[in-house]
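In what comes next, subunit A is part of two complexes: it sits with subunit B in the first one and with subunit C in the second one.
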Partner chain A sequence: MLWHIRFHGRGGEGVKLACRIVTRAGFIAGMTVQDSPLYGAERRGAPVVAFARIADEPILERGYIECPDAVVVMDASLLRHADAGVLSGIDAQTVVLVNSPGQPQEVARSFGIVGHVVTLDVSSLALDVLGKHVLSAPVAGFVARVCRLVPRETLATAVRTELVAAGIPPAAVARNLALAERAFAAAPSVGLPVRRENRCASSTAAESPFVVPHLPPRVAAPTIGAPATSALRTLEGWRVYRPVIERNRCTRCLICFALCPEGAIALDGQNYPVVDYAHCKGCLVCATECPPGAIDQVREDAA
Partner chain B sequence: MQTHREIFRSIKDIPREEFLAGGTGLCGGCGGLLGLRLFSKALGPNTVFVNAAGCMTLLAVFPFSPFRGSWLYTAMACAPAGAQGVRDALDVLIEKGRLPPSDDVSVVVVTGDGAAHGIGLQSTLAAVHRGLDFFYFCYDNEAFGNTGFQMSPSSPLGSRTATTPPGSTAPAGTTTRKQDLFELWRAQSPPFVATVSPAYPLDLMDKVARAKRRAGPKLFLSFATCPPGWGVEPADAVTVAKLAVETGVWPLKEAVDGAVTHTVVPHRFRPVEDYLVVQTRYRHLFEPVRQEELLRQLQEVVDRYWASAHNNNG
Partner chain C sequence: MTRDLLTGNAAAAWAARLAAVDYIPAYPITPATEIVETLADWVRRGEIQSRLVTMDSEHSMLAAAGAAAATGARVFTASSSQGLLYAIEMLYAVAGWRVPLVLVNVARAVAAPITLEPDHNDILAARDSGFLQIHTASCQEVLDSILIGYRLAEHPDVLLPVLVNLDGFYLSFSREPVDIPDANEVREFLPTYEPVHARFSASHAMAQGVAVLGASAYAFFKYQMQRAAEMAETVHETIATEFCRRFGRCYGSVEGYRLDDADLVIVMSNSFSTIGKAEVRRLRERGHRVGLLRLRIVRPFPHKELVWLLGGRRAVAVIDQNLSVGKGGILFAEIASAFQGRPAPPMLSFVGGLGGRRFRPGEFDQIAAAMARAAHEGGSSVPRLLYSAVEYRQVSEMLRIAHHDVPASVV
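And now, the complex of A and B:
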């Protein structure tokens, strides 16, 4: 059997490492494995995808997983963006693991997910134990359990191996181990569908050679004619916390306005700061630097 | 201590307008972006940015651009040559009467430290030598950030980068000293050379106002916290940049026609360790064993710098 698992999350959440821990666990358990992440030029907060193939036979496929047996949604905000392709290639048998405090049926209904949805509030577990939104170890625990890939002890060995290799200090490794085990214990055991053939055979079949056309320079080096078009892109999905300004505590010192890297804080008619949530990335520089502590950090709704 | 500020005396003087729109793909808490935003606020909207490949490539990703004016993208090594072309074209158009002088714009090069200190240094020093009238804005995150935080000539002694991981043969991580771009430029006597920090917006913006009045090459070397590369939380980006100044690691200064003035001097310097200990790129200096000798050296580099700065009355 060859299982295809696709991980979706945002830069900085530990997508690549979660995938690696899961495949490492499979490897320790004696299976054949393959893992590869894919990210574009963008940074923390931008969509990241990673692929795991785990099999009890040699793996001859390579590349993008078009039709996964399991999809791991580490950041539910991605479900709102069709271009992130989180649900592409799934069917009724696909197991969809969503990091969300919601009930599986609710999440399935609100995002129109056809697969077998399983939810776990991994973010809260991580924030509880680590105080940080770093999800690699608990997501690996979630996946290992739901997909019935490896026993708990094998998962623990894989977490330790990968975190030590990543240079994480012993105390933090211990916290991540405990966290992975909590996620493992909290998740249901569902198992992956047993399929006889790859539903997306095209991804393995040799395709006819694609000829790259020669383009004139005006097409190859395009021009943006209008100013400040980046404002059309909204980035609210990048946030784990949103800054909320408490007007009655604000002294109008304007420090948050000066120090917001994104220029996402404007001033109203009375010189009170106002956050532009469409462009705030949730870095919380404003909250750290506000002298009277007038900016609260509020968790963005998970789903 | 701080020198007399001419235009930007208080935060209330900061223009309300943003000349760099939101929606870019840079990391949350990027110190490079904050520095550039403050810089462009002081410079105004009439600019052409010529961008060497680096993290700031992500400012404009087709079909989106955060700029009100133009942006020209170049390879890592040749942004100053691109700026020369833009400047020449503007001059020719003005001379021929096809562009009113009032519509002239400032030409700004934007690069990271890898391009500025290394791969683009030749074309930069050549442009300074030719006396090109341009601003050169380098955001210094002390490594090649865009390609995975590899060591650059600006990476400081004792720091971890992707290509200088601390190990048994080199427990320090980076074994070379940070190259001094301020002095490399100053040796050629351009009219204006400055170091700035986004944690000191008024100092940064006042320097831009002063530099604007002068023709010729003008350097802004902007210290830039890189949360993923330095191993700090995005929320602490400004705090860490402030610590660099308070510990004396990043001196804020300018050289106008070659004469150096320190524009912000802490009343009491904090120990360098306060700055190092909050970043995971320096964690190997503290655990599993404290590298006392190296920590002493790092403090000594800073002490020696300030001793000579004070002796020169600068």
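And now, the complex of A and C:
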């Protein structure tokens, strides 16, 4: 038996730590485990992936989990962006745990998820208990219960071990423990699919090999051939919060227009700022700097 | 003994702690930073007595490391990729001084283009420097190899510094269960370093690393390093046997997996060999007599063992996670050279995992099929890059965004 759990979220939400708590729980329960996070140039709000493997045998695998038994969607806004690959490699048996207040059938329908969808409004629980959108402990509780990995006491030990190791102060550890237990209690117990073989084994999904040809240096070197290529790449998938300009409060001081690091704010015919949401990365510099506070911050998964 | 979940980086830091190193010159670089961060934290809390000094570059870091080792201190440090390459000049110098230390390299592909994930062009760029090289495949092996590395480097018949390689991301940031031996058990295996040839003592003045401006003297001293590296093969065997007896984990210069009755053998190194084992197991289930050989010690190069284990097979495929531009896979060429004057099996050269590229579904089937053909038709030294049409399409899309048109004829 080897279970593969893939976590998707954004930098700052506690993806790596949630994954670590889950593997720690498996480790305490006497299983063989492996975990690893994957992130590029570090940045808050960027998509982050983490992988947990839990087994009762030696683990002869490393790196990206292509065919997960469970996918954990810590930030449902990622489901709208195909590049994030949240649903890649899933099938009807894959358990898809979504942090969402919605009903499972609704979430499955609106995002076209083929797997067994389970939902829990982890964000509200976290905001309620911690007052912050930090999801590591409650997501671990959600996963432990839904995947039937470990009993509640083992989860608690794992939460405590990992949070203490991460340098979290005792009072915050206690709040996170309570939060993890609330998520554990609120989640349904589903269990992971028992599969006879690894679906991603090469035999079933062979890709055709390709002989890389010799190409002229114009193409063969890492160069960009013309300016303004960033216009061709959208950044909307980076946002946790979206800036929304309230025209009635805006004084047209143009500070936001001047300070947006992405040049994603243009001016309309009457010199009001307008955000280009395809290229706004959600840094909220505009909202922070706007003197009259005319820019609201709306959570993407609520927008 | 304690059993805990450790990343490869934390396992490296633990090894330095257990080796009770005296001196740690540091210059952080992704993905090796966590090693010195962990050690710095222990120093700050007074949990270890080592002296940790931040340096202004990897070049200075290795100069300081070598100089400290020359005074008789036990020295540990770590780097990666561009950092290791920046220090290369000092690697040659330190090895030539014949002072023992352990340098950890967290493998990361070398720019340009820049990336963070691993291949082995960094560590293999140091292969001619005089540092011995141990390449690891698990977090446990990282810890163990550093302890073994100190014994090897400090052995009076060797006295060459040791580089221990671990793959960025795949080991550096991956946690696995690791047995952390007790400090007193380690002390018995690895006692305090007692330098005899190079040390600092007020009552015993000496000059080290002196200039020799004559070719005969240069050749003599240089070739002594070769002799010492040759000795290191048996010395490592003795040390690894003792390690095995004390700690129950046994290491050789190579590791075989399902090798005994294998007709076809895949050769790999480092952490991707874990994936290779799973693929071998799968190919076995489907009736192929395939085995895997992992090269663990790259310097000294285990010629005899490779000839012994690969000779007589129906075909061998070497997967190099590096590229010597204009030649091909580095390890393929080295392994092929071991058969000089002896009947060699048909050999194939594959280049895979460049920049941390993952193996694609079906690639090991393709390698096994190519080996089966080579068994009849003979091998080839032409390197084949493992690459897929899907990836080519993705790169074509990137090139389109960068305002380049990829010739339609090849899409």
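Some observations on this one:
Just so we're on the same page, the second predicted complex is superposed on the first by the 271 of 303 C-alpha atoms of A that agree within 3 Å, B and C clash if a C-alpha of one lies under 4 Å from a C-alpha of the other, contacts with A are read in each partner's own complex, and residues count from 1 in each chain.
Here is the rule we go by: contacts are C-beta pairs under 8 Å (C-beta built on N, C-alpha and C of every residue); 3 or more make two chains touch, one makes a residue touch a chain.
Keep in mind that this is a model prediction, so the values were computed, not measured.
In the superposed pair of complexes, A:V164 makes contact with neither subunit B nor subunit C.
Of the two partner chains placed around the shared chain by superposition, subunit B is the only one that A:A287 touches, whereas subunit C remains out of contact. When both complexes are overlaid on chain A, the residue A:V114 reaches neither subunit B nor subunit C. In the superposition on chain A, no contact is made by A:M1 with either subunit B or subunit C.
Of the two partner chains placed around the shared chain by superposition, subunit B and subunit C are both touched by A:T229. Using the contact criterion defined above for the overlaid structures, shared-chain residue A:I255 touches subunit B, although it does not reach subunit C. When the two complexes are overlaid on their common chain A, residue A:A266 makes contact with subunit B while staying clear of subunit C.
Comparing the two interfaces of subunit A, the one with subunit B and the one with subunit C have residues 222, 224, 229, 232-233 in common. Of all the residues in subunit A, the ones that touch subunit B in their complex are 11-12, 41-46, 132, 167, 169, 222, 224, 227-235, 238, 253-255, 257-264, 266-267, 276, 278-285, 287-289. Residues 5, 112-113, 116, 169-170, 173-177, 271-272, 274-275, 277-279, 281-282, 286, 358, 360-366, 384-392, 399, 401-407, 410 of subunit C are the ones that touch subunit A when the two sit in their complex. On the side of subunit A, the complex with subunit C involves touching residues 20, 23-24, 27, 32-38, 40, 59-64, 66, 200-213, 215, 218-219, 222-226, 229, 232-233. Of all the residues in subunit B, the ones that touch subunit A in their complex are 11-12, 14, 16, 18, 20-31, 33-34, 37-38, 55, 57-69, 71, 146, 165, 198-199, 201, 227-228, 233-239, 283, 287.
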